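Residue numbering begins at 1 within each chain, and the chains themselves are lettered A, B, C and D in the order written.
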């Protein structure tokens, strides 16, 4: 931590500040210039609230020297985390595709769409059984029945299953059917939930909150890493800005930034980021070009009657075409699609 | 729902749009001008995804005619909801003060601060026993022991208790000790939690999410109202913007807007909104002037050693002075402080 | 400037960083802890781009030690700037009211409204003659004719005139008729314009840009102060956020923050911040309670036929009532209205 | 315009609303459902302030039926605008590259960098002679001398010149030396400036304001189109959000949205959007993949001593490598680089 003093800080104020820092357990290095004194406070504890120092008389500004996350940082682990789920790797050279419907709706539907996923050469099937909906009057998902159907469809076509977990009481149940837990954007800071998930050994995809900073996103990953689960992937799905022509603003610059700060893989979800079918393809292409390690796409073969998010679902043929386009872009940057 | 067609929409496109709307169960009113056709679709179901229509060929824009919330709206209930908790009313003419520490830390601490609250004439004691912290390495609260101490302190001084609930498994426990549940900003869209809380009959204060629109905030209230709990109060605690000199941007204009759209009372929390002690008083005064029905203030008598949020806590004497100032402003707008 | 090095920065990297800092003209203080080295670089030039250091190998973070503004800061001038315009003071104990129509529309209109302002005891008449409009098809103002009418109306009723200047070529013209220049939100960073305005000796009210940070706002004030004009007042008029129920988010927390960082007075404009008549009064009250030094209100006696911004204009009687309410709140915090 | 009435609007209120609409010059279509009445008001004038209707008693909501821009819209012109500058086309199948230093600094510098641009096969040289700087203490550009040097360098290497215009008085001067005017983000709503520029016949690149909505951006283009200049290109350069790890949030989703709403070409500027050299390449690749019609890149051969924005400038070799990568991605989506 670095403490910048006011130009006109008195010697008495400085002594008081130093005393506080020492009481908080820091080692002190004081540098006095002609105009201004700077205090380096070494030994900061994770989670220390720097405002405690900022409000002391004579203090102008306080800066943390270390990021508040450790296990998630590049300085903790230099090489990329590669998450292995059965025969699929996420975070390596290949770009893994995840696709499927927003919600599991019926046996027929999920088997038909699993077939599309497999035929496209993709390996990971997505689908919601428990749905977080902003309206209490909307479809809330098929529950365990949906999980069973998705597992059966995935097994039929040799796919891996990712599905969302919304509350602690669902963890055990979902673990029976799914290969990867998804934590939704609105639960990114549901600390009770993510702490419990961190105790499992199932890989987890953590969606970024609608207005979460990259630092907060990595802190939520840190919560799970601190409990022992090392297989955490992050998912950018759009942030909230003032713009109203788009549903969310897809923050692709988050991808290289996370790759610089952290060793964890980054998934991009252009379906939720844009909310409209015709914008999914250009944004999926952009995500691959920006360096995403995996792309998640919603698909549906009867989107007009989909129980949720039909307007952003690609049709099976559109998905197959997109996979080919993405492959070309992946090749252009020395990667390949999976 | 109103559907605006493109200038150059063909008759075939229009017929297709009308057919879709009828299939979705709407009654149709078509108005054709020289340049443009507008279709009124009457009978919208709550939760209908208007994007389903927006993506049809020939459609330019779609607008919902009704707010997506019903029970929370002024058109459902014209008069203000007044929530009665023991002998205190929230939402009436009086402005109820809530005060106490961020976290319950010890028996001594909570009794000393409960005394301050009572001596100031305030009736509601706040304090956290389960703490949502963005760092896994920070103090996470005293748990049930904290609840017991807070209840005892409140009983000693004739106060009402409000405290935060973070997960479904805590509901039953907290209900034994508290008079009002608090739902934190990061749980505003934890739909599993708020649905369960809606099944209780204990009053609930719902904090606004950091980037929640007023509509989403009211939708989360709707979740709880739809389960039968009528005693919902909303709490503005600052939203996230680009500004970095303040911790959050305290959105006081939300107060008159909520009062116009909804019958539910609005609490204002300047402590979390600003994050710094010296900005709490001016923002508390502004909140009363803007029409808040209750003000929540964090206080501490040894903020330097507080387990959490010490820098934003007022000292006991500062709180007492503030209460007097707020009383003058309340009187100026025809209300009084409680 | 403080330079935080990476944990694993090599000695060679550190030497290279030190050499760069010295070449940029800084004096160096190096503090090496067990884990990490911090370099204090004293003697920062205003306008130095800290990214030049941030991109050097081995650097983790760089923080400016001094605010980028000097003349606008409290450390440059401890006491409040009080701007005297004829017999009115802005920035002292009294809270000066500014009122008038959005646009000057006719001789009759501006005389009638100037009378309302004077009868309410207010001293400053606002009105636009050159209008910045987001549509090229909207009314663009009466130009010089509007300035003449406003000056005549103000003289008739003993008022001071504030009006907007949009481009350099208007400065000389407007100076003949107005007592205070207004710089609009969209011109806050029109550096050519504000530099020229800084060369005049007429007081200036600088509106905050729609997404300007407080620091950028103060930097724009610095531009004008650096040219010699000391009579700069700042005007908060709402910032842009994701919220759509309000036109802008009125950032009242900016008021105490600016007062802490700077000696310049702060005006609050609830009319533009909210955009709707029924929200103006509560937000004006809140602005006084938050410590604003002046309040600017749009009024109109025939708002339905106003050439611009009618929906946010108060009626004459509403304005008179508001002035009385604001007086009560001003008294409650030890100030009075002017 | 569509006017949605309150559920409980009285017949008298409805009549009053209808009368207002007719007085404002609209034709009326009234649709009454069981619960609710909707009024279609045909014939809206561009620039009509819908708040005038929104505040009438009995009105619940008002929606514009037509976009506020006309000349910039796809419905006005279906095919893409292709801007021809000498032998270069912007907006066609080819993706035109623009590159050069942030500021022209010396004859040597601009000739060396023009050579790099030409050797890379790019056709457009960028460089600032008049610089908008947020600090009054920063380098403000070489002025006319810079323009002369850039023109000479461009002529030597057969390049086109784009440079920024900051104020009306510079238009005539810059037109002598440059082929394309650049309007900076902070001047996007400097309506005086853009109106004058619209009267010229020189192509204009309009940067998006830091917090401008896409609609406002298109409205500013409309200002220039309405004056007769048809050669307007838009430039996405990052928007302001809450994120602090990046300088701005590069809003790539704006590219397909603008292409849907408007016929004008879109340039992407990853240098300003990210602010750091190591993020420029991934974001440039993403911009090509997202469908940008041109990419603007800052380059410098001695970025440590650049007068401005050195940290975001690519080195000459980095630029040449990037051009090759972008070519591969362009090919993958059926386009080619120029």
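Structure notes:
Everything that follows uses one rule, which is that a residue touches a chain if its C-beta (ideal position, glycine included) is under 8 Å from a C-beta of that chain, and two chains touch if they have at least 3 such contacts.
This is a predicted model, so every value here is computed, not measured.
Where the sister copies subunit A and subunit B meet, the same residue numbers recur on both sides for over half of the interface positions.
Contact tally for B-D versus A-D: the pair with more C-beta pairs in contact is A-D. Distance from the subunit A centre to the subunit D centre is 31 Å, each centre being the mean of its Cα atoms. Centre-to-centre separation of subunit A and subunit B, using mean CA positions: 26 Å.
The centroid of the Cα atoms in subunit B and the matching centroid in subunit D are 38 Å apart.
Within subunit C, contacts with two or more other chains are made by residues 211, 240-242, 244, 278.
The residues of subunit B lying in touch with subunit C in their complex are 211, 213-215, 239, 241-246, 249-257, 260-261, 273-274, 278-279, 282-283, 285-291, 325, 328-329, 331-333.
By the touch criterion stated above, subunit C contacts subunit D in their complex at residues 20, 45-47, 49, 51-52, 54-55, 68, 132-139, 166-169, 186-187, 189-193, 195, 210-211, 216, 219-220, 222-223, 226-227, 240, 275-278, 304, 308-312.
Contact residues on subunit B toward subunit D in their complex (touch as defined above): 2, 4, 6-8, 27, 29, 31, 33-36, 38, 40, 42-43, 60-61, 63, 65-66, 75, 211, 240-242, 244.
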